[in-house]
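Working notes for the structure below.
Chain lettering (A, B and C) follows the sequence in which the chains are written, and residue indices restart at 1 in each chain.
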Amino acid sequence: MSVGIVSYGAYIPRYRIKLEEIAKVWGDDPASITGGLMVLEKSVPDIDEDTATIAVEAARYAVSRAGIDASRIGAIYTGSESHPYAVKPTSTIVAEAIDATPALTAADFEFACKAGTAGIQTCMGLVASNIIDLGMAIGSDVAQGAPGDALEYTAAAGGVAYVIGSRDLAAEIEATYSYTTDTPDFWRREGMPYPEHGGRFTGEPGYFKHVVSAARGLMDKLGTKPQDYNYAVFHQPNGKFPRRAAQMLGFSTEQIKPGIVVTLLGNTYSGSCMMGLAATLDIAKPGDRIFVTAFGSGAGSDAFSIRVTDGMEKIRGGAPSVESLLQNPVYVNYAIYAKHKGKIRL
Amino acid sequence: MRDVAIIGVGCTKFGELWDSSFRDIFVKAGVSALEDAHMHGEKVDAMYIGNMSGGRFIEQEHIGALIADYSGLATLHIPATRVEAACASGGLALRQGVLAVASGYHDIVVVGGAEKMTDVGVDTATDALAAAADREWEGIMGATFPGLYGMIARLHMHKYGTTREHLAAAAVKNHRNGSMNERAQFQNEITIDDVLGSQMVADPLRVLDCSPITDGAAAVILAPAEIATRYTDTPVYVKASAQASGTISLHDRKDITTLDASVWAGRRAFKMAGLAPKDIDLVEVHDCFTIAEICAIEDLDFVPKGEGGKATLEGMTAIGGSIPVNTSGGLKACGHPVGATGVKQAVEITEQLRGTAGKRQVNGAEVGMTHNVGGSGATAVVHIFSRNR
Amino acid sequence: MAVPRFWRRLKNLYNLLGTHCKNCGSYYYPPRNICPACRRGGKVEPYKFKGAGEVLTYTIIHGGPKDNARPTPYVLAIIKLDEGPRLTSQIVANPEDVKIGMRVKSVFRKLGEESKHGIIYYGTKFIPA
């Protein structure tokens, strides 16, 4: 049985802050920040938006894009590092808000930035084993970064929802492969507002080791090579890491170009790699193959080999593209950003 | 049905009465009303008390019994009933008292209205008042009372060309009237520029468009008309007591700028009294916000719909105008202790019809009206009073 | 608002779930169990509104309730849904961009919270269409 993407929907809040504005506040050199990270601006949630509202908007677009009867959805998994409740699922809020209740299973996932793709894999399993008809996997975050910390330059807000099924596919997921170890490169302790990280330790032993291993593992399993794919998408905590990972694996700049959304969006954590895939699906043609590798600190990588089907053309115009969601931003200064993010304690 | 008369009135100072408790103010108002009627408590057959939210403002329910007890009347075991219809609680208590006397169930009835609003913070007070709107469909969406009336004001301006100056004129006039009322919370005069320069609350309404948070109590003594002159030389007769309901939520009104309940209560009152708007010498209307006074004089048919603002600015509703409105200073300047307001309106009209209103006296006043509204217009109570039976 | 009370209304608030009277054709949001036009003769059934409408009137709240998700100033409006009924909600937009008669569409937002420790109220607000 083939399993794959039946529909997808993305949502990005309309507010942005330029990295130079943040740099100005902390006395950093704006040019070296934007140049070093290869990110120019990042999204900021509205004051009444959170991971749940973003997940709902993305999920509603995913449902409306392909005109899906939401009661067919048998599972909803929302991956996030910023679930509004520590205990009480985001996924039930989404399920109710898209009218998928009550005949379904739901749970929230957390695996740093790859909780959403873990949700995709779980849905694939449930669909392939005929336990459910359709499953929905969401990556959504109002990403946290402590004021003045390097993370603050990229921690952004956004979400993506994928509907996974076995019929009427827009893209087939040919295979998935994961690479997981216990690597404490980034974490947030219970009750703490902001994550901590290992600085440069997040690079080689964290991101690169896992991304490259998962990607190579999947290509070995399938007997494919980078040249077999039209596009490649990597988790993008900044603009540099996905480019370097692509280079290490032998993917070209052209292959990763449509999926690099971090430049004007920032790192939407659980939404990051999934947003890159959505942007790539927005422009991919039937028959195109897309190689996707997500990364979550802690640490692990999920790689996917995807083949776009004829079904994609039918759903392409059914919901806003990532490009259109990035258009017409409203820029805010650091004070407004701090207010929106709840960094000002009232 | 028997004719009913007001034979005594009493009212506390309105304002932030830091030294006085809820019990202190209702006892004061009730005692002064009984004194005014030259009467002892033993004569009282029943009490009706208007009180909106004892539960939220002083964490006290069972207000009827409390008032009977602390008025020294619990030993007489008279019935005491608390009446609630949000900001129309006082007017509604008056109506219950009128019905009780008219029906023959009771002869001497004390109608009181009392609210102690300053024992809680502004947030709690605002939230208690918000309970007069629809909590589930307005309150949770972020609606506040100034917000609801702000939406009425904006649409009124949009539909009828009502201006900010028109609205401000109501506050200016009511402060001028309040300056002549020693009971009023605000006795200072203000200008249109003061109103337009005051802090924004719910655009287009500003602080000086809004009635304040107030402590106060008022009471009137009712008796059958045939025995009224035993107690007073100047009874004031109740010619009509009318009440009407509208939708609890503003959004469900047929026309957002019309308080249907006011329209219907007004029509019923005029019909009952056999009078028309031109026969009314003065009226106390429910000006919880300036726009509310504009709507009230339209809905009660003193001016055509849409012309209330212009009429106010032109002085039609000032003392000396063709229909003086809110000679007490209204809710705006006299203050708005929610449960007391409807009773205070009757006190003001009684004093005016007796000719004892001092500097704010409307010359030759024979017939007066009160108009008391609950919430954004879900309840309206209108009474018409006359010097003549 | 207490937890059970919010929970009971949650489907309505999330999805603009109201009612429709099959007898007279009237639509109701907020939902009504009794059709005010037909009363006991009405046949009331659930109806999910499409979420499109226009601004009938609005205000900009400068002093709001403490538990509201948006600090002041925020735009409160009465919106007339295309199916007919009107409701009170917030418009998520710059106050100066809001006009009487403007078209709006529904979005999913935080309405408020019980407290910092309490539950979060989600529901429907509107943005310019």
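Throughout what follows, contacts are C-beta pairs under 8 Å (C-beta built on N, C-alpha and C of every residue); 3 or more make two chains touch, one makes a residue touch a chain.
In this text the structure is predicted, and so the values were computed from the model without any measurement.
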(message) Report the chain ID whose CA centroid sits closest to the centroid of the full protein CA set.
(response) C
(request) Could you let me know which interface, A-C or B-C, is made of more C-beta pairs in contact? (result) B-C
(request) Could you give the separation in Å between the centres of subunit A and subunit B, each centre being the mean of its C-alpha atoms? (result) 59
(request) Round to the nearest whole Å and give the separation of the Cα centres of subunit A and subunit C. (result) 31
(message) Going by the contact rule already set, what residues in subunit C reach two or more other chains?
(response) 70, 111
(request) Provide the residue numbers of subunit C that touch subunit A in the complex, in ascending order. (result) 10-11, 14-15, 48, 69-71, 92, 107-111, 119-120, 122, 125
(message) Using the touch definition from the top, list the residues of subunit C that touch subunit B in their complex.
(response) 1, 5-6, 9, 13, 30, 56-66, 68, 70, 73-74, 76-78, 86-90, 95, 100, 111-112, 121, 123
(request) Within their complex, state which residues of subunit A touch subunit C. (result) 46-50, 52-53, 56-57, 60, 84-85, 88, 93, 96-97, 99, 339
(message) Applying the document's contact rule, which stretches of subunit B touch subunit C when the two form their complex?
(response) 123, 126-127, 130, 134-144, 146-147, 150-155, 158, 199-205, 249-252, 256
